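Lettered A, B and C in written order, each chain numbered from 1.
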């Protein structure tokens, strides 16, 4: 009962149509901004600036780190399955490459449209586009191995669209601060993915159980992803913070939260194993939870010990999630979450939103200084009379919006993806690169599968 | 009929002689430039500069990204063969480490020689040296697995020398702009490698066909190379652009061209496979073609949609090249191109040169601004009267020079490398690390080869 | 005779106790420094500074490179063993994540304590914390595969403590300069690890010899570590150098020394192999020796050819160390050095200290300029009357201190680690991830071991 996974026509068609649409829309809307336009040399002289005042020099190193997280970090983190490494790293590549283009347009329409109706882009837009696709890559983690590449393009198109609206409401309408995206990226992305996975529930997925695990080297590959995410997370949380002390503080908080998470993650992993052994699944994922959870508050005065506490708690909660919650959700809630994004992104994202609300609500002039408070929370223009307790409320409202968009959007897109036209694999063919990739060494190079198949045949 | 691959004496001898020569020549010629010399503190005060005006802070992040591309990017991209990963990453390391030293000298003699006959080096020279060896690493891609390490050192010595002359003519004599090196790096390097491969044609290479393919994990290793090249390509194309808007714009153009390439590459890969499956060879290579092709024009006003169009076309052409052209060239032109550099570097490099010429020829004061035009195209000194259409001609002339140097140099060096003194492997021993590396797990760890050998023996 | 490697209670207990202690101590002591505090906006205006004067923009790119070296570089370098990759990369992660927290405290108490008894941290402290754990990771290389995770935490706690005292004496008391840490990081760390390994000598370690080697892909994984260390070493040696020419020069010297090392390392590796073949062990390790050895002198006027000479010598010495010294030390000195840190860190570290002393002693106003000399050697305050020859003596004294701390500390900590309470593996269970990790594919995925075990059983 093999379903037809032949996307011979549909996949190229979608790619060409969408890429052509991108070219046309970019032609109409996208232009260089002041700092990437050749007229900048005049602007520089007129305003007595130095080349270094170009935002490029403030943001570019962080941008490249974020770029590595998106393509290597997320891509390799998902290579842990024994026979889905091509799909992990390859479809991650596809989603991100398509998503960043669409994100530049969607975010541009909401945030960077000028009087002439043009979107002016610079390095900060590139970072934001990378952030936007991060939410789609998180969602991919929930459905890894169970969907076709065409479905992933649809997931991305809607995901980016929803993200842009969601982010606009959170940041511009509600005026919540969310530098590292605990709410807009992680909470939204995770619930978006989980709800899609719920809508695509496969009762007979255990027919692919022979493939739903790791081999020794696939676990080492996944650690490449883990470590690049872990190392560059300080750049992620600081990439679009305020110049100066804002970026500096966001880096320190993230660095500390992540360090703390590693210890409690490993402690719980060992404690709940009967021989005290560590589990690579936990190390690969839960060590990152602290970075998610300080996302919103990273640029606030969370204090170094506060960052450690957040990391401490998230390491515990996330690892326990892998041990108890993931099996529970699969069995009782019909949510099959391949990578455990509920433990790595959803719960820490919610914690991050709450930590952000509390930290904002308890801000004071004595701690931030008068100008520092205005600067950090952007209490300017029509928000100049906001007080920290109000801001705490705005943060909480932002979290609710992210949650609603994630759940609502996920259900909607999940329904669309249930249509029987997308070429998704059969239940006994999930987690298998051979469905969508030319794999040349089917038998020889894969003694595991060969062995397993052999054993299976024997059993029958 | 095993040829003697024993380079026991020749390889160490060449290494020691050349490294000793480097020390002597560096002693005579190379000195720190003003910004890396301790007297800079005086210069800084005299000119009322800040530490940040040191070029180090403009270039260092880009330099490190380029460095990663050279050593990890090119190195891992070539690990795709099932039993040539040591050679791929190890000889890449050797070529680059030797080449950058020789490049500092060669490029220094042409570009940085001061009145006292000393070459003054700083971070920009390090970037240029990395660029220079990139051309030799591209050439290595064509002969991967078929030459000895001694031959590679010879290839590098001549390659760097030719590159430096070629670059001097293109940039300084002809006054073509080539920030990302579509012409001087990619076109030159690719034709240099292809012509060497042509001169070293092996009619019986199919005797090594059991080794001329990938295994599952070697394809994943290669993706590390692909992704680091892809992610850091914006740094490559902007590393030596003008400070300020030049670097900024080069990043945006490269980012967009690469994103577009991914989609058309995957579309073509799927479309030309009878089951619609993707081929890792295409994903590993053709996704990068857009970065090559915007190299020259990256700092020009290519416009965001223009970058997308360039990427769109290159993704198609490069992937079709792998499908049709590589087999054709091997069969009819006697050019065996292991990594398919013709598709990844030669064709996109030519396209890049042409795109650069057109973009330059169509430049105008209305688009760039008066100062912007001078700034971008360096219309200063003896070139102050050049107009854009002329500049377009210079660009085209530059492309021709690169092509001639590549072809001529490749034929010349190919002849030298045909001498029977270099310890290259026999036709049935190509693509095999065991020729030049201690491989400890010959049988046990390599079920594939074992299996294949077993099957072969059976067949006989 | 399997020892009890069950750390079910002890490991989580240690993690929780120490992480809790960190939170309490951070709560009492650690605060943001001026540049990461929201009051910085006021300070900036008062002093007429720009955002770019925040040290963040001088140091952050280097910090991220160092961070990659610590987590990816050291972690993957040690994955070369066929069945200890989880332990290599996972315990490296554990050591580093714990160590950086303890280092921020220890180094803070010695260097950054303000009048109120608070430690003020910024990006430079994060770099120094990373440097500090580097010494513990070097030490881990000597005992890789032979100790439990609890022992590693103890090793780290003491290692960081000793490092902080050692560094304080070298840098602040003696006033030796050690930008890249040849003395304080490499010499100290290596002798610390070697002496621990000596105290933990296992006469029957050959019972694990089936596991004490690499397989093909584990060697490729290790090259990821090697290359990231190699590429980012210029950032390591320049990360805390003086702004401006100091960082610039440190990068150039390190870049050149490393390039030179690669050639002589490969030459010796080939020369001492009877078939002229290269050995991956040498390439993975000895190519890095030049970076270690220019650590101290990187910011001095070593001159480009001087850097090449240092690299030239270290490539030879380090590779010969692997060929002759490591077996000798194991057999006659009872020091089992899994990764050969004596060749990669101890000897090059000593060379680095000596090179630093000579370069400092021969400094002159004619070469550095008057201000340059003061600037480079920090001849200010109570050290304003120091002359270069004296400074040379200080450097030599610093080297002796590092050596004493390494040897003394290693013997002390080695004694503690000999207590039979730490859950270390039995002699026939070393280099085996199954002792501390859930490994799922014990038989199937590991044909090597399976094959070996099979053969062993047969033999018996």
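Just so it is clear, contacts are C-beta pairs under 8 Å (C-beta built on N, C-alpha and C of every residue); 3 or more make two chains touch, one makes a residue touch a chain.
For clarity, every value in this text was computed on a predicted model and none was experimentally measured.
With chains as nodes and touching pairs as edges, the resulting graph is complete, every pair of chains being joined. Although subunit A and subunit C share one sequence, what matters here is the overlap of their interface residues, and that overlap falls short of half of the numbers used. Subunit A and subunit C have Cα centroids separated by 32 Å. Touching two or more other chains at once are residues 52, 57, 61, 217, 224, 447 of subunit B.
Those residues of subunit A whose C-beta lies close enough to touch subunit C in the complex are 52-53, 57-58, 61-62, 65, 82, 213-217, 219-220, 223-224, 227-228, 230-232, 234-235, 243-245, 247-249, 251-252, 255-256, 258-264, 266-268, 270-271, 273-280, 283, 287, 301, 303-305, 308-309, 312, 367-369, 371-373, 375-376, 447-448, 451-452.
Those residues of subunit C lying in contact with subunit A across their complex are 6-9, 11-12, 15-16, 18-20, 22-24, 26-27, 30-32, 35-42, 44-45, 50-52, 54, 56-57, 60-61, 64, 67-68, 71-72, 75-76, 79, 83, 85-86, 89-90, 93-94, 97-98, 100-101, 121-123, 126, 149, 217, 221, 224, 436-441, 444-447.
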